[in-house]
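Think of it as A, B, C and D in the order they're written, each chain with its own count starting at 1.
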Amino acid sequence: MVEIAPDTDAAVRGIADGSTVLIGGFGAAGQPYALIDALRRGGAGDLTVVNNNAGNGTTGLAALLATGRVRRIICSFPRQVDSFVFEELYRAGRIELEVAPQGNLAERIRAAGAGIGAFYTPTGAGTMLAEGKETRVIGGREHVLEYPIHADVALIRAHTADHAGNLVYRKTGRNFGPIMATAARLTVAEVTRVVPVGGIDPEAVVTPGIFVDRVVVTP
Amino acid sequence: MVEIAPDTDAAVRGIADGSTVLIGGFGAAGQPYALIDALRRGGAGDLTVVNNNAGNGTTGLAALLATGRVRRIICSFPRQVDSFVFEELYRAGRIELEVAPQGNLAERIRAAGAGIGAFYTPTGAGTMLAEGKETRVIGGREHVLEYPIHADVALIRAHTADHAGNLVYRKTGRNFGPIMATAARLTVAEVTRVVPVGGIDPEAVVTPGIFVDRVVVTP
Amino acid sequence: MTVEHADRGPLDRDELARLVAGDIPRKSFVNLGIGQPTAVADHFGPDSDVVLHTENGMLGMGPMAHGDDVDPDLVNAGKIPVTELPGAAYFDHALSFAMMRGGHLDVCVLGAFQVAADGTLANWHTGAPDAIPAVGGAMDLAVGAKDVFVMMSLFDRNGTPKLVPECAYPVTGLRCVSRVYTDRAVFHLTGDGVRVTETFGTTLAELRARLDVPLL
Amino acid sequence: MTVEHADRGPLDRDELARLVAGDIPRKSFVNLGIGQPTAVADHFGPDSDVVLHTENGMLGMGPMAHGDDVDPDLVNAGKIPVTELPGAAYFDHALSFAMMRGGHLDVCVLGAFQVAADGTLANWHTGAPDAIPAVGGAMDLAVGAKDVFVMMSLFDRNGTPKLVPECAYPVTGLRCVSRVYTDRAVFHLTGDGVRVTETFGTTLAELRARLDVPLL
């Protein structure tokens, strides 16, 4: 059974310095703003953050970056019109950046959750992003060997949870949530509402409760 | 848009000799009996069939095997109390058998659909089922290199389709259907009913229509 | 420290299943193998909050279905009709095996032909030349579950021990079993060796004499 | 066979988008890259039955959302609010990229800095030493879509051709582009070489003179 945390601070308790943190969301959609704020307040440092982007505006992930407590970010698209917080840190050499093709990012997170040790993909073959990586020709096509991204913590946003920890999402807010939930030792979901066990149709569950450790309701 | 076939014979038309055919189902649950019967009537031979099992009783997959037109079967669990059709063929040397751990079978089918060239898994390492396969130690643990199972055809059973080809399944009848639908050049689904476009909640779609070529309604 | 129950007979199947159930922590996610391990489900207390996984795509599996409750679309890994509990979830084989292989199940309970002292498991193939091999999800559970418990009789019909220095049967997984529950004793396979926690109708000394495996 | 429209100017952006839309077969599953390719969506006929994919997890994407229809949970790959059409489906990033990488999309339309004669694409990185690299889903689309169409101006501001013998910019994917739609001409990149199907405000002879790429 999942833990229903009384507030976001309780929901993120115990996140240690040096943690690798998966953060859901694609831009604003599905970004767990309240949990990111709680992580920022919690003060953990030397973090590695995995997100599709590198924050935008001054809230959420951007505000976390602004504290200087993120040592390294793994993402596919750090450059947005309003990603100035990241850009300033990056140009000042105060944050490490690993850029991965978005599909490799997703597949590497899924691989961690699914117990895959590594996989070959044609994505990125022959490009800068494959430099230094092992390659192999399979079926006449060059493939790159990619490794899973295992994490200590996943912070995601879903729409509804039940008391068994089952989650459903809302529209394109789903994005990385379901795979990130599988890839971390501790998965925390902020949701709009929690319903009793049996309140979600078993056929419609997207993330089964086995992948969810803590849930917190946020507006 | 998906094609709604008028009957099962039309639904399986054009399946050539020598095809690799993914057949959904785990035992009877989710087994597309009507499509298998149509494939049998269609007369294609020299088939490779991929299913979790190797048929049971005298109907469905077992009846197809009984025609002698399946050259080879890839499955995880051919031995059941009533798998006598397969057993007789196997002992007579009239069918080839490749046994794969069920998780490798599922992951290899998924890999074909997802464009993965190969993957490393600890499942099977050090066992007979890894003999002759490439291995590599990752994170201190021996892994086996497994390749995708690409198919010409997937025959699956779902519960409801809409005219866009979106599918939902029913209970544990879901099993291999969603991944098999992604791994074949031609995917055919038998369903209990077809509803208009918009008749399935977009949040509850399990197999999006992009993976489905033909749908046929069967009782 | 071994607790010896020498003044009674070996456990029967029901007692063994109850013993295993009692050792599974509350709120665990558990997969029970087909055959003998299935009976463990009958012995979880009402407050155990154990959630059962079946590899054909379900969490929150309930007891076997009977009569009108039988639904051909709702079966367990042994193809036996089962029921659905509140809070259940259905998913496809990719996600179901991701749970198993990705280390998300707390415990699986499997039967075995043999278990080696280092935890290597043999439970899928007798090795007989005319046997039709069939592995199902056994190798995935063996490598993937956080804890792999084995339930078996300690001796075969000929009195030969099934806890062995090295498996003679084709193996299912290397060094994966953490505990072996038998009718005669419970064995914890630790990094340091095999510890006997309890005996039934026998003594540690007697087991030392009958097994080829050093016991701590 | 090249159709020369020499008696007119080059295509404007709208005409180019219409041209691309007209070449996409009915009932195709299509991903439109951010920027200029997005405009292609406005030119599908009512009976085209084209289904739009957005890599952040949706098939059946509708036009941009305005006013009360804006929903922060419903955006396209450029984070622009969009709408949902009947028959839409939502899914996670793993399945969305499985569609892209597994060869399920019929067509994707991408912008480009440069395309080489062999179909090699450069569209993600200027190569400038102070540029912050950002790739998104471009490399996945490049290797995964059945047909990769590029939409771009044929010449940059300095008049330098962007269809080149070899890319000078860091590449996105090798030998992946099948067609290049530009304001001046449409190029089909075949196994045998580059074929010009149509010209606008120019001639095949003129293009032969200005491009370093042999034209069939």
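Just so it is clear, a residue touches a chain if its C-beta (ideal position, glycine included) is under 8 Å from a C-beta of that chain, and two chains touch if they have at least 3 such contacts.
The structure presented is a predicted model; accordingly, all values stated were derived computationally and were not measured.
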Chain located farthest away, centre of subunit D as origin (C-alpha): C
Of A-C and A-D, pair with higher C-beta contact tally: A-D
Gap in Å, rounded to a whole number, between the CA centres of subunit D and subunit C: 55
Subunit A and subunit D, separation of their C-alpha mean positions in angstrom: 29
Where subunit A and subunit B are represented by their mean Cα positions, the distance between them in whole Å: 32
Mean-CA-position distance for subunit C and subunit A (Å): 35
Where subunit C touches two or more other chains at once, by residue number: 84, 90-91, 94, 97, 100-101, 143-144
For subunit B, residues that touch 2 or more chains besides their own: 107, 110, 114-116, 121-123, 169-171, 202-203
Interchain pairs in contact, sorted by label: A-B, A-C, A-D, B-C, B-D
List of subunit B residues in touch with subunit A within their complex: 107, 111, 114-123, 136, 138-139, 141, 143, 147, 168-171, 201-204
Touching residues on subunit B, where the partner in the complex is subunit C: 26-30, 76-80, 87, 90-91, 97, 99-104, 106-107, 109-110, 121-129, 142, 169-179, 206
Contact footprint of subunit A on subunit C as seen in their complex: 27, 29, 49, 51, 53, 59-60, 84, 86-91, 94-95, 97-105, 143-144
Touch list for subunit C against partner subunit B, complex: 54-58, 71-75, 79, 84, 90-94, 96-97, 100-101, 125, 130, 132-140, 143-144, 170-174
Residues of subunit A that touch subunit C when the two form their complex: 1, 110, 112-116, 162-164, 166, 182, 197-198, 202-203, 205, 208-211
